[in-house]
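Listed next: structures, encoded as structure tokens.
Each of the next two complexes has chain A plus one other chain: chain B in the first, chain C in the second.
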Partner chain A sequence: MKNQKHNNGTQALFRRTWSPFIKFSLLISLFSALPLIYILYQAAGASIESWSKLLKAKIPVLLFNTISLALVTAAIASIIAFTLAWLIIKTDLPFKKTFHWLAAMPLAIPVYIATFTYITILGPAGAIPKLISNILNITVLELKFNFIYSFMGVALIFSFFTYPYIYLLLCNSLKNIDGNLEDASISSGLKLRETFRKVILPLITPSIFSGSLLVIIYVMADFGAISMLRFESFTRVIYLQLIGRYDRASATILSSVLVLFIYIFLWIENYIRTRKTLYTSTNTQKSSKVYKLNKWKIPCLLLVLIIFTFTLFIPMATLIFWSAKGVFSGVLSINFFKYVTDSLLLSLITATVVTLIALPVSFVNTRYKNNLYKVISKLAYTGYALPGIITALGTIFIFNRFLPGLYKTLFCLIAAYVIKLLPQCLQSQENTLLQLSSYYEDTSLTLGYKPWTSLRKVTIPLMKGGIISGWVLVFINVTKELPATLLLRPPGFDTMAVRVWIDASEGIYTSASPIALLLIGMSMLTMKFLMKYK
Partner chain B sequence: MKLLELVKISKSFENSKSPIIEDISFSLNQGEFVTLLGPSGCGKTTILRIIAGLEIPDTGDIYLNEKQINGKNLFIPPYLRNIGMVFQNYALFPHLTVKENILFGVKDKTIRNSILNEIIKEINLKGLEHRYPSELSGGEQQRVALGRALAQKPSIILLDEPFSSLDAQLKHSMRDELKEIIQEANTTAIFVTHDQSDALAMSNKIIVLDKGHIQQIGTPQQVYFEPSSKFVSTFIGEANIILGEVIDDTIINSDIGRVKIKNSLKKGETVTFILRPSDFIISTDTLGIKVLVKTVSFYGSILKVKVCLYDKPTLQYIIYTDAKENIKVNDIIFISVKQNSAHIL
Partner chain C sequence: MKKIISIFCTTLLIASFFFGCNSSIKNSENKSKELVIYSGRKEPLFIPIVKKFEEKTGIKVILHSGETPALANAILEEKTNPKADVFIAGDAGTLEKLNMENVLLPNRSNLIDDLDPKFKAENGSWVSVSARARIIMYNTNLVSQNDLPKSMLDLTDPKWKGQIGIQLSSNESFIAQITAMRHVMGDVATEKYLRDLKSNNPVSLKSSTDIRKAVGSGELKLGMTNHYYYFLEKHEGSPVGIIYPDQDSLGTTINISGAGILKGAKNLENAKLFVDFLLGKEIQKMFAELNYEMPVMEGVEVKEARPMSQIKSIDIKLEELGKELDNTINLMEKVNLP
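Up next, the complex of A and B:
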């Protein structure tokens, strides 16, 4: 509905009616930005020696490592994503629906879990090196099979489990190509190859770039997998500074540099996404053309299955193998169920808290058109691209400085989750609210209901879908979250993610795998639910 | 007794320099059907929303039933005004049935059934009470929206562009129906539109707005035949605007010849007057002014002919004539003006 035009004029009334909500939203926005502000402030206050020492030695190496890994990963992921998207959307490959589903599935596998499964297979003491050394009749130490820890090994693992970010966007733009354009190109005498280069490629490039940037940001912010693979990147070094040397000045400086680069990539992503208006979308649009594979059908089918072997079969089969082994050896003790229930309870509480906080904020964000408010409200999105390790670092500082009594309590942990996950919840709620005309609320007001009652009777029931999907998103992400939980959890309190990571790092795969499977199962259900809801 | 009175209402939006409406004053009586008519962006919807209490004006007073509802430091919120509003696209609650939509604002449980029966009869939707809005046609949706507003027994009902999402065919039948329902409910209505034919057909008072200012208030006949300005004359219907010189008391000389008018004017004065396209007579003999036919469009009941002066082709006029007339492009015809039809601006 075209209600935007008049929204502009209702601001005086909105401010009058909802001033407690507006104040609350401003407070939440500022709170969300607090950790980052504090880190930047600390970094700015660090001594010149610490800065120059880091700038000379550490930072250039870390920047090179982190960014080159991110770029190579994005390149490999783009190739995987393009192969799958093209075959599944634009050709007559069989089992398309199932394949589409399987192609998106790696998103449900946390990379740190996938990583440990690959370590058990390809690591220096993994299954394959053992097999080879047996054949060659030498020890695994002599074999020195270190591929998994090499640059390419790390990049491959990351690309196997992050390519869906590109795949999903790419599918969308491939589906949206107007078949008329392809027909026009072919009827003007261009071959399929030329049509692809001149018509299709320009239309899908923005989504490849956009998705690649998401992958880049993901790799730069990741902590769990990077640490397991002992790759010298920012997040790992920051973690070591905090845990090992307890050098806060260095940690804040490194964090600031990392955040700067992540925000640069985020800005580019935003620029590409808001600029790509190349799509023609008219009523006369014809559906995107589907090409026949003919004799290539079997080779293409094989190619897809090979990809799925690496992205799904290997990690899942490994997890099932270790889980079975673990269950028979009796890992499913009382203890096991305790941190599963603890973990789920924490997710439940956090998801509910974040949803309730997000409600007034998303309402004001979508209905209030004040310029100053708009600028400040952007701060609520600070946590969106902030690596978990940096959110944790900021939270540690804030609590130590202002609320030392609450440091390392559940309250402190949930506060960090709010900062990290509020953006996702807000996005989900705001998307539904934006589609809801404010006329519904106006109607309720003219029918004699007070603003609060109107909100309860009209707005909230109508945005139910957005509220539920936001809640589910937060729930699953709390369950999967690693770095912030690792640093901020109360002593003796473990979540499933933390347990998987610690057990896997210590090589106790039999106890890590059952939890990992449970986590993945939950993620898959969530994805199915969210994909259906949309 | 005046039912509603607006006194010098002005409002600017936060992000723009010029006011969206300025010094709007008008009043209406019980039972009137008033139209706010103007091009998009003229501020008509803002006025409606200010009356409903969905927006706060910068300055000005509003009285409802002689009680002030808006003024300096005074603002009665919408939920206490008892003014019904039907929104553009109707804003029917998609999660509620027809019945639940209609009874949405009826809080007194004891009267719900009688109100529902009464409204369903008025809007003629018997049998559809349990449908959801998505299962209704555009016209039915509009009637439900109207019924929902009427169920409150509002002192005034406001309608914002009620026909904007209906196709032309449906719009004509809904126009009559809407008028009947509102008359039957014995309610006063203000109705916003940018479509002059809706305004002329439906209301007994028209308020013409442009750029946030009232241009004219009058009956449909007054605004059509005696427009107060060039803007009003061209916005409502088609009009030929012509310059002339008074050569005698009641006679003006112009490019289309001598035109006789009702009231007398000062000799020698230059005046602008308008002629509606139906104010002309076409003849094939040489009586009248010689013109060349540029385009001919057939409209069913009339023929619309665009002509230019034979001697001065830059001067063009629009003329309606009998649909059966046989006129073709590039014909040379002669036109004259009906007596007393010119309206001086």
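Up next, the complex of A and C:
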């Protein structure tokens, strides 16, 4: 009772001291939710006829397609992730450090870029089917190598480039397994297989599930790769509705349904993640056991290399091949440098704006324990559940309705990025803030610092790591972002991602590839930086 | 940590300075030196034309390429504050739709007066710059001469199951073709045709370039598209042939690509200059020679393509393509084509 009173007192003090910050955070949270609210409002206002038409014909098929693809992709990705994580963390495989890097790297390759490389290699008329049909002396049609456009083909491509979400979490929990538990299990007579089933598996299941759900959400929100692979998913149909139809009712209805399902999966993810803490002990007394591969060393090494062939070698080699061709034929024009500088400048501004906006919000979010505030502040995370294409739709609505003068300006584009990427920035700032006690700010305040000064001189320097990694995350995601940029960019303003998309759609791979390579190179550097930082 | 804040602020300042510079140049060098074009045409064809215009006039063109219907949607959304000066569309229906929505500016000039009335809106708010016919292209290694379909209606024959490339139902040329078919066959027959076509499992592709490449490479036997894609593919050395369909019966669909100036265009004079430029002999020739299209101005010859006078076409006014646009879209939605 006394404690609670004390708590109320500090919260009131906090409210008084930081009141402008609290107001600002509330404003940003509401702003972040605005596009979604407007889409839901529009969807609710759509005629019953359009709802029933979609519910009868389109939605069941789309739901089945999208969710089954997401689930199968997650299953395949889990298998790949587990194979790599087990071999790299729990066995005496050579070159572990390098392999760990390589295993995480596919995350730096945007799936739409990987997809077009796969189409040129394994598509029905790609390099390999052509080669085979030449050898067999038949036509590519007779060979009928349509695998890449089949359900399994699409799922495989997605899993090749999303499995690191699972892999990174899995590595963490495998490293944290207490070696004593394994020893105890083995000395009490259990074989390795049983030890795995009874001791290890329960400890790593949460991270597999958690990572799988990230993969599921990624697949549900993806637009670029799924369109290239001709897969009838929600985002593809929403995009067609947006560009090809003159009324927005269907697009808003489909968007609402998709977001609903993404929220369901997010909720499951959240449930598992918060429960997970019950399982793992962080203060391991003995480090996780490493098993000897013995005669299996060479086969395992081969297996890892085969996986890397699909996840890294094929896309990178193809891009390098097309780029070399492009550079020698002089495709690289002055325009190339314009896209690159425009892109980088935009990313630079956006990352800085998002970081500055996130600072007060993350601070209040972690320090202020007011219940009403807690609920509203969750809205700042809306963008996390919004696929790029839906963020764009919402932004189009909002700007046309309230700020027509700013529609299709950089301001409007940056606003969409803020909504979409603020959550990532907040997350990384809040993570560091949670580890900092409020003791330092409180002390500095009692010593007579003004709130601003205290924040600037005490808190911000302490949370430098979180600020920088948040900034870098936003920077790279702006550079890679496709659908929202495609729909909202000002006339004549092309980013690298947009350029890759337009050129690859027209089959001009020689000019798409150099830009794609540069984009991937930047992402890889970023990842290297972030992995080191953590 | 002043350093971080000051680094942030400086980057922000520098960056906004860069962008600011760009936009202030745009403003200070005033209206006469710039032109913003929304173009639904493919860039490989259109960029040479734009370059030529820039060289000739010294006007800087800001080219924003995309899909025709997407740009039309954007224009409607920007109605109160137009971003573009000129809209280049791959379809008369889309232009007429915008005209009906009252976002296009009536326009006249000597060249526009010379243009055949069937190729322009009555008030000149849009004009054709080139014409194209709907055709079927085929892979000559995969389809024998005796087997060729003669009509768009033949594409529902089960022997082509899974082997025809068509466009997505959002494609303006595909929509225009269906509007023309509705015009001569009626809604009931057209709906049945679309259903039969759909149950023949055609492969719906994102762009016409995808269709011509799929047929050219032998991935598909047949493709339903505009005539010049056949010539583009043939000139890349692919074994392809062309069928002008329905020449003994209904006729095929002839559509145009055209230009319209937007109401509220900020660079009106340049926009007018550009529309006239497109109708000039030199550029009409470029449409024929670079892209194998049919010129719309008298006295400019086609290159390789069949001249318009020798193609039997469905007798439908181009305006009709715009007036019926929504109805056709609804029909295609009803059939649930991808």
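By our rule, the second predicted complex is superposed on the first by the 511 of 534 C-alpha atoms of A that agree within 3 Å, B and C clash if a C-alpha of one lies under 4 Å from a C-alpha of the other, contacts with A are read in each partner's own complex, and residues count from 1 in each chain.
Following the convention adopted for this analysis, contacts are C-beta pairs under 8 Å (C-beta built on N, C-alpha and C of every residue); 3 or more make two chains touch, one makes a residue touch a chain.
Everything numeric here is computed off the predicted structure, so don't read it as measured data.
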Overlay on chain A: chain C relative to chain B, clash or fit: fit
Touching partner for A:R245 - first (chain B), second (chain C), both, neither: second
C-alpha centroid angle, chain C to chain B via chain A, nearest 10°: 150
First, second, both or neither for A:S437, with chain B first and chain C second: first
Which superposed partner A:L447 touches (first chain B, second chain C, both, neither): first
First (chain B), second (chain C), both or neither touched by A:P461: both
Most chain A residues touched (candidates chain B, chain C): C
Shortest CA-CA distance between chain B and chain C [superposed frame, angstrom]: 10
Chain A residues contacted in one complex by chain B, in the other by chain C: 461
Residues of chain C defined as touching chain A within the complex: 1-2, 4-5, 8, 11-12, 15-16, 18-19, 36, 38, 42-44, 62-67, 69-70, 72-74, 76-78, 80-81, 83-84, 97, 139, 141-142, 163, 168-171, 203-207, 209-210, 213-214, 217-221, 325-326, 329, 333, 336, 338
Chain C partner contacts - residues on chain A that touch it in the complex: 53, 57-58, 123-125, 130, 139-141, 227-228, 230, 232, 240, 242-246, 345, 348-349, 352-353, 355-356, 396, 400, 404-405, 407-408, 410, 456-457, 460-461, 464, 467, 487, 490-492, 502, 505-508
Footprint of chain A on chain B - complex, ascending: 11, 13-15, 20, 45-46, 49, 52-56, 75, 77-85, 87-89, 91, 93-95, 104-105, 107, 148-149, 152
Interfacial residue positions of chain A with respect to chain B in the complex: 1-2, 6, 8-13, 16-17, 369-371, 437, 439-440, 442-451, 458, 461-462
